[in-house]
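Look at the two complexes coming up: chain A is in both, with chain B in one and chain C in the other.
Entry: the complex of A and B
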């Protein structure tokens, strides 16, 4: 069987092999309670990666997600007292606007998305610093529980965070596979010129993809903020690399068009298992990004569709 | 000296070169003519090493050689002067001439610019170009760049032992009359240094310059004519080959169109430098063919109607409404369907299956509130697979994996099922085998019967003549002549060629 044929199955096979390896080396990995808490821990990252999937699926990338989440942690903490649960709306709106703006810059001003989103990321970071006065802010525990306490309970042993993640996955999956928007995303990712020649409004599709990425990053930031009960312009640092790794090892290549949100769920689990393995192997936290950097390069090299690159990589 | 014996080349679905024998003697200029798709480019690519033949031999002075890439061919004295100029515009002339071969001027790790300039001067003298080798290439005129390109190829003379063969691909297409004469004088002069293979659409030039002329058709050499025996008419007849087959183009099915209604109206429309002052009307049931050479502006006219290019002057009316905003979405909503030349890039989306491709331009009809009705999509796809005889195992097949003819049918189904009644066909039969071509012709007749207005940019002139009600000849973006294509009174190939070039 050729590599091209097993390529789509690569992610889950990788996940299975990694789980088995880690499990054999350390049987306590299979302890259900431990597994559940591992999975809940990875929820904010997963949501961010879910949004990122949309940007990568159309052949772009969103480098602003981490700063977007940082900004939202600050917004949520600062405005919780004024708006209560309403900060969720503000957060989502902020994500949508910043994402849509990146999309606008990419499609209408012809700035490649890696630059436009990087720049918008710094705008978000700066806004977060300004809003927080460069201090770590804390939420009032009572207010937090009143508005967002529901996020962290358990029902029948299932953490609510996990339920939120699954609901968002279901929404994203529905968007991707069942709507005209999702179909348009696929067309733009697989063959943008054909999408244009079919009369699709490609610019609008792209702008929406970046807006969705922004919204998911904002939701991730909100959950993270509530979880840690505070906000800080650096709170979500370290998420960006992991989110990109999750999308790519999941099997959505940088060239877009294939893969999708379910792949990202698998990719996030792979990241989770690698992270757990590094804990067992006692790899120092400072070295973990090194490992993920290498994993990222390997994932890109394995997944990228070279026929779309036309020989030029800069 | 340089010879191809029984050279064969296949591409998926296409037999591009069929047992081609080709020979270049020392100090000779060999002409190569043929219609688009006759195999000229493939043959040239084999000669300069970009393609490897699947069968037959390439020999130089009787020794069999095999080139893996153009550089190896160059090392055997085969040089190519590209139609699309291969000079890098922001480098100086001398840097371009010695690009990739700077090592000879390196002293202690740095380039000795003086030595390079002197060497470049010597090369430029060969082509009688008196310019400073340190000039930035973009400052040169197009004709001068062409000569620099030639000078660059002539550096082979010093680099290798043995004879040179230089390919000139459409070298005159952008040159003015006197520049052409200059170039020809030069080439004749240079035959004491090299042999030339001259490829051009302009028959008179090929006749004037070449010692012998190879005529290609459908991937085979159909004739070799010596300079003294060459006649334009006879060669053109050979290029086209058989008598135009009326059955083949379904001429018996050509019916008069409805001249009372106008689907698309062009009134003195111009689009930048691509075309200017074009006027015509397209009627229901009419097949209107735009004829001209590559780059004459035919494709740009199609793109304007579809909404991809905005005109700079004039009025475009579609179904009586003047078009004010040019965007593909508008074109689609006005009932315009577009079958682009680049089928695999602009026609189908590879990676998407049959039904996804068919509904791509009309997702609104197969969804409610933005949610797709996949069941209806599939039954649409099944109906059209049946109707057009699309060969696919099922509706889930990735369109990228279908054969060219079936891909084209999927694109056609996409527009027809969406109710498009203005169809723009850009080389719809390019790269298809005969059977698939006939299917496309059949579909064109069917659409025409159904009252669809069709604008066609055909792959060959025969196709244009055979299929069309009306032919507009366009040259360098300007209208030349209109021909009526009623069966029995169709223009001949020579009528058209005369106005094209």
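Entry: the complex of A and C
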């Protein structure tokens, strides 16, 4: 059995091993209630990573997700009183527009995606600071419960957050595997030049991929904002690294083309288990970033498809 | 070939693409420097106050020039470091982590070894530069040996660096209060504090490396065409790793000046350096594709960024506008410096 053959199975094997290790060391990890709350805590991150998957799947990256979510936390908090549940629509629209603009800048203006999304992230940050007046804002509890209280209920013991995450996963999975757009994504991710040559409108596919990434980041921001009952231009800071890690340890390589949204679900669970393990091992929260940075390097090195880099790694 | 040149009008030949790209940043800087005083003049004119254009400007004064220069120095060091990398066609996004780690280690060593430059604590300066070099070296190693694209390798290393700095400080701020060290900021020669002259000296060193050493020329060779450089016998991997190491040293220099400026070393010392330095390099006219530009471009770029930041405050625009303006500026700069005929697609 060669390494290349087991490579696609690597993510879930990793997850299984990690779960077993943590479970053996700390049997209370398997406590259903605790497990359920761990999973629902990771929902905003998961949704963000889900969107990021599309950007990475086509071989790009979206560094604006964190700022996008920040902006949406502010939008949601500021406009909750005026529009009620309608802020969800505004949030999604904002995500779509900013994401699509990043995509436009990347494809039509030939700016590499890590620069265009980084720059758009700062535009979003600017907007967030403007809207929030550079203060931490809080939601009115009654208004919040009236519009978004349903997000945090439980039906038959299942947190609604988890249901939202699963519905979004299903939508993303449907998009990726059952639509022509999904096939086009795969074509672009596997070999952009070939996709162009076969007459695909590659620019449109890529712009849409970035727009989807923006939309999911916006939804993540919305849920995060409702969860913390507030908004702030720095609220979602720290999510970017974890979102990239979740996508990559899930097995969607930076070079794109393979992996996908289900992999990202596994990747997010791996991130969750690592975090739980760190809490159990009493590793300080301040060390998390270092640990995940190293995990990230390892994940990239293991998954990246070097044949696609055509000899030159810039 | 000859046909084409024969048909080109002389005027078009004078205003070539290369020439425009070469001088546009400087032109933008000059326009900006003249623009902000104009807004000030306009405001006073509306309120019918006495205001002589430039002469009465708060922006266009030595005092404000020094302010801009002070704000520019740490960013200039970091931006020079990343200039070498961008000339090679790679990118380094690890500066926030590296600057934080260097600043924190410097502060700990400085205080631990005596707390004043007259004691053995001066050794903290070479130590910080060494730490920067080591971090850059690891960065280059991860990029070259593991064959990870540089933006991702360095981004990840940056996260590790910030995490490491946080681990060292535990979230605390370390004050560096030695008068001699702080004289970087407090002692002024000809209206400008010493740190500006230090930065100028480093700029000249960087210029020397870029134009008068084999390493500097190799950066351009790698950026101009890696396969060609490789085919002509250049050890591209080594050049790359050395480039990242050199960048690390300049990041450490930026960290030292940042600590000298504020007097505090903390995990947040490195914040914002990534975006400002990349913006400065790109706006200065160094192409992201490599092979074009240099440290003088970076000086112009850093000044453009800081003139915008400063000018906006002077004419009374809220500070949050800056992030957005810089974001759009960096996109515009990359767009203008990209020759679309040579680029097939970007990721």
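Everything below uses one rule, namely that the second predicted complex is superposed on the first by the 314 of 314 C-alpha atoms of A that agree within 3 Å, B and C clash if a C-alpha of one lies under 4 Å from a C-alpha of the other, contacts with A are read in each partner's own complex, and residues count from 1 in each chain.
Everything that follows uses one rule, which is that a residue touches a chain if its C-beta (ideal position, glycine included) is under 8 Å from a C-beta of that chain, and two chains touch if they have at least 3 such contacts.
Because the structure is a prediction, the values reported are computed rather than measured.
Once both complexes are superposed on chain A, the partners chain B and chain C fit side by side without clashing.
With both structures placed on the common chain, the touch criterion links A:157 to neither chain B nor chain C. Comparing chain B with chain C, more residues of chain A are touched by C. Of the two partner chains, neither chain B nor chain C is touched by A:32.
Legend: residue contacts after superposition of the two complexes on their common chain; A:291 is shown touching chain C, with no touch to chain B.
Once chain A of one complex is fitted onto chain A of the other, the partner contacts of A:119 are limited to chain C, with no touch recorded for chain B.
Applying the stated contact rule after C-alpha superposition, one finds that A:111 touches chain C and leaves chain B untouched. Of the two partner chains, chain B is the only one that A:178 touches; chain C does not reach it. Residue contacts after overlaying the shared chain place A:196 against chain B and chain C alike.
Across the overlaid complexes, the C-alpha centre of chain A sees chain B and chain C at an angle of 70°, to the nearest 10. Taken over all C-alpha pairs, chain B and chain C come no nearer than 5 Å in the superposed arrangement. Counting contacts as defined above, chain A residues 193, 196 meet chain B in one complex and chain C in the other. Residues 89-91, 93, 142-144, 146-153, 156-164, 166-167, 170-171, 226-227, 275, 278, 282, 288, 290, 318, 320-328, 330-331, 334-335, 338, 340, 343-347 of chain C are the ones touching chain A in the complex. The part of chain A that touches chain B in the complex is made up of residues 178-181, 183-184, 186-187, 190-191, 193-201, 257-258. Of all residues in chain B, only 306-308, 328-329, 331-333, 338, 340, 342, 345-352, 356, 359-361, 363-364, 367, 370-372, 374, 414 touch chain A in the complex they form.
Residue ranges of chain A in contact with chain C, taken from their complex: 58-61, 105-107, 109-116, 118-123, 125-127, 129-130, 134, 192-193, 196, 202, 241, 254, 284, 286-294, 296-297, 300-301, 304, 306, 309, 311-314.
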